[in-house]
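In order of appearance the chains are A, B and C, and numbering begins at 1 in each one.
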Amino acid sequence: MENFILTQDNADSLWKLMASLYPIHRTLVNRGFQKSMEIIGREIPLRITKVPSGTKVWDWVVPDAWEVKEAYIEDMRGNRLVDFHKNNLHLAAYSVAFRGKVTRDELMKHLIWSDALPDAIPYAYEYYTHNWKFSIAKMDLSRLKDPEYTVVIDVDKKPGEMWLGDCLLPGETKQEIVLSTYLCHPSLANDSLSGVVCGVEIFKALSQIRQRRFSYRLLIVPETVGCIAYLATHEDWIPKIEGGYVLTCCGDKGPVTYKKSYFASSLIDRAALHVLQKCRGDRSFRVQEFSPEGSDERQFNAPGVRVPFGSLMRTPYAEYAEYHTSKDDLSVVNPENLLDTVDVLLQILRVLDNNVTYKNKYRGEPFLSKHGLHIPFITTKDAGFLNQVIIQETDGRQDILSIADK
Amino acid sequence: MENFILTQDNADSLWKLMASLYPIHRTLVNRGFQKSMEIIGREIPLRITKVPSGTKVWDWVVPDAWEVKEAYIEDMRGNRLVDFHKNNLHLAAYSVAFRGKVTRDELMKHLIWSDALPDAIPYAYEYYTHNWKFSIAKMDLSRLKDPEYTVVIDVDKKPGEMWLGDCLLPGETKQEIVLSTYLCHPSLANDSLSGVVCGVEIFKALSQIRQRRFSYRLLIVPETVGCIAYLATHEDWIPKIEGGYVLTCCGDKGPVTYKKSYFASSLIDRAALHVLQKCRGDRSFRVQEFSPEGSDERQFNAPGVRVPFGSLMRTPYAEYAEYHTSKDDLSVVNPENLLDTVDVLLQILRVLDNNVTYKNKYRGEPFLSKHGLHIPFITTKDAGFLNQVIIQETDGRQDILSIADK
Amino acid sequence: MENFILTQDNADSLWKLMASLYPIHRTLVNRGFQKSMEIIGREIPLRITKVPSGTKVWDWVVPDAWEVKEAYIEDMRGNRLVDFHKNNLHLAAYSVAFRGKVTRDELMKHLIWSDALPDAIPYAYEYYTHNWKFSIAKMDLSRLKDPEYTVVIDVDKKPGEMWLGDCLLPGETKQEIVLSTYLCHPSLANDSLSGVVCGVEIFKALSQIRQRRFSYRLLIVPETVGCIAYLATHEDWIPKIEGGYVLTCCGDKGPVTYKKSYFASSLIDRAALHVLQKCRGDRSFRVQEFSPEGSDERQFNAPGVRVPFGSLMRTPYAEYAEYHTSKDDLSVVNPENLLDTVDVLLQILRVLDNNVTYKNKYRGEPFLSKHGLHIPFITTKDAGFLNQVIIQETDGRQDILSIADK
């Protein structure tokens, strides 16, 4: 795999995609998710696998579609205090339909807010609870002075199709490196969406690279149940996975963070650590050990799949204040950081792709002078030393990444 | 294996056994050993393997029986200065018969005393030397003022049968966990006897436990030659031994000491260390590396047998002042410490017995909400985290003890 | 292999050989090399493999013979400023023939000197460059005041035979321990020649030792191309090589230095380290990790041969000031240091030869009293402890060197 030079065009392109996707209301199964996929499909060729609601996928079941027509809270004078149409985070995902008057006490049981960020609307979901919740900025609680409120949640929950997107770039071998992203969050920029946008830009770059040893696949799916649905509907594919990375939280200003796979020292891990440690000058980075929490690396590393899957982030979810609130907006991310993440990933993929195991054809030492490679003794610490190292180590047992790390 | 709650009854029962066995004169092969076995046989079902004197057992030979009728030293006025019937430690085990007058100088060559404990009678043996020796308290040496003494050693050494006792509690599998104890010492409480008493109490408890995965075997034999005789007469049994522990010095007030097996990190070792490190609060304990000295763990760990065998003690032999003297009496041990040692052992056996290797039936992550196990993200550090760890690690390759220690 | 006691005779013998070989002009292929081999052949039985110039040996080709009749530089008054017959280091090895007048500027391009040692003539070679060079002491540059000089290089470069010497001492097995030395340097004492002289003395000693488990082979060859020629003409031999050591820089006053093989912990390495760490009291020594620079250990460790080969030196080449100059003369080496190096090597070979893997015939513990080996408990820290260790560890899996190092 040859080098790929990223330019300002790449920064412009990924930022344009980010800006167009950000406002859309997405959840596990809804029109917003499908519309987002259609937008992405104009950037790279996407194959969509549509899985009907109710389909059993391993231990899980594909949920119904959930569409919001309107959702609001009005006080006794008809002031609309909370309105889904103003911010799609106001209504917890998969809240059940409701229409009626509730007392202030009753209402409070259905409200969620953030004590830490009084002006932020938290992201909430009620996927499997048959409940309804509104999210609200804590500072707006003071506006709830009436004893009674009108609550309207006009939602439609009915069988639909979960959309699972992938983009495959075939290489010389059928073994695949996978980048996994999730698109099921509503208007959140760094969590979820930044990974999708970087993944798309990486695949636009990869498609222009002439020589690929591995095949590469980008997944764009709903988190957890979507990833499991993809795996369950593509079981034959699993043995072809060499490994991969989950991309999320890729656009903030923090240093790059690599979360190791369950295997900790797989090729996937060694390539990522090599780039962070050796190819980025003295730019700081962080490394996390594998833990069974996190995003869809859980599914890939889990027993029954067990392929090495790391996660590439800048500031990890739950470590930045704006995470899972309305504050995780376009001001948290910027094109430069997104592009830097794309660059790190492309370097990692190049290390992976170019990593081969050589066995030199010589017995003993080759006649370097004949090959024009002999270096006088006095300078052997540089080029000559390197020649010697290469000769000694290319024994058909060690890949070049191991030799380089030595 | 379910939990077993020890009560005061257990303390009473083991102390009663200790008190009844302590006064009896035992050696490798004699009536005292057999009588002790008969007393134990009233507590737990014992199978006795009787091996005739002269039987070749691997590199060794089973010794003759040795019975003492009387043994004393009298001065010229007929004062009986040393008398076996006052303390059975006075005569070195397997001393040859003798009757006659000896000079003071000659007598001194046949006396053993302890410089460190002037009022203690040391434990001595002349198993393979065809010699005779009396043990005496150093402070009593001053009573030997006469130039001549009458020595009477009326002993009977003739072919008999070495008794090897075992108690087997069958479990779901034929693989056995072995507790090995030795009963060949005369009136010594902590060394030798405390291990027998704890072993018996453990087996009384185990017999009341309904579910045992492993089979369990208690050995009560003469040390070294008896253990070798047992192994040599049960060679087919060796492959069934999963491992085990020697019990000795179990009743003193010191902290529990675990001496590792030759393998150092076998299941036997991991279970013992797990209990000492994780299941006993901040109670102190000591760990010793394996060394080829010690008790019958030597035989089990040796080439030709090579099964992992640790040793569980409180203060190890040779580290407490009273060791191998008449001071190692009932005041060195007490029911509380003996019961605590029983408790440690039962915990270790439970860890061993319950240690299995699970392979969960899921691919990827199970749908925890469906199973009522989902824990909101905010609390995942506790129960949710644990669920995830269990899911990730139960891959059919690691036993649960490894996962717990992780 | 029994012990061999070195005496003053050995010191005398190796010094005599050193003194007789030192003055001879040697290079890869010339009469001086052959004459040196003939001298050595009077000390130990040498087999000579003669490989014609032009023979392809793996990636290399055997060079032509190169003989010097005369070589000098004269100034305009006929003063002979530089003369090969005064010091054979003056002419770079394999310089091409030349006869004519050259300007001072032109001459300077063909001169080599050492800035660090102004009174030393550096050792230079032009094996594959078709050039000519004179080496000169820097302080003699001031004598070059004339504008023009007469240069005469009367050399004869034509097909000949490269001589490869070996001496085999057969042992009980066909597996061989190899000592590799190189003889292709002109009058240099510590680099190259000291290794040959020590190797010869070691083999004189080995031939007097009655019991050898391994077979032993001494190689005396031109460095690099000669070693490769030997390997290429004896490919069937390679699988018989257990490992070995390159000997060079063996006579200076520095402490012994061991450079590890590529394998780092092979038997070859363990034996050398055992002797340096455990058998030489508190005499200092140094250990170097393997690096692909150095001498013929490169060929043995390289892919395609890959047998463990260490290097035994005192002060390593390039670490002593006189290295590769006329100062590396008989004053750098002395008989005591050479003999000490011989002693170290003989100890290492004895450790290798005596290293076997025992499996004791016992199951459990043998009856030490019967074998007269029982040691009372009180002294078990010494002999008894040792007995027990030996019994526990001789399980047929560990060689005695491992047990000793434990």
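The working rule: a residue touches a chain if its C-beta (ideal position, glycine included) is under 8 Å from a C-beta of that chain, and two chains touch if they have at least 3 such contacts.
On a predicted model such as this, the values are computed, not experimentally measured, just so you know.
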Copy pair subunit B, subunit C: interface residue numbering same or different (half cut):
different
Cα superposition of subunit A onto subunit B: how big is the rotation, rounded to the nearest 5°?
120
If you average the CA atoms of subunit B and of subunit C, how many Å lie between those two points?
60
Residues of subunit A touching 2+ other chains?
none
Can you name the residues of subunit C that touch subunit A in the complex?
58-61, 127-128, 224, 227-228, 231-232, 262, 291-293, 298-299, 301-306
List the residues on subunit A that touch subunit C in their complex, please.
359-360, 362-367, 369-370, 374, 380, 385, 388-389, 391-392, 394-396
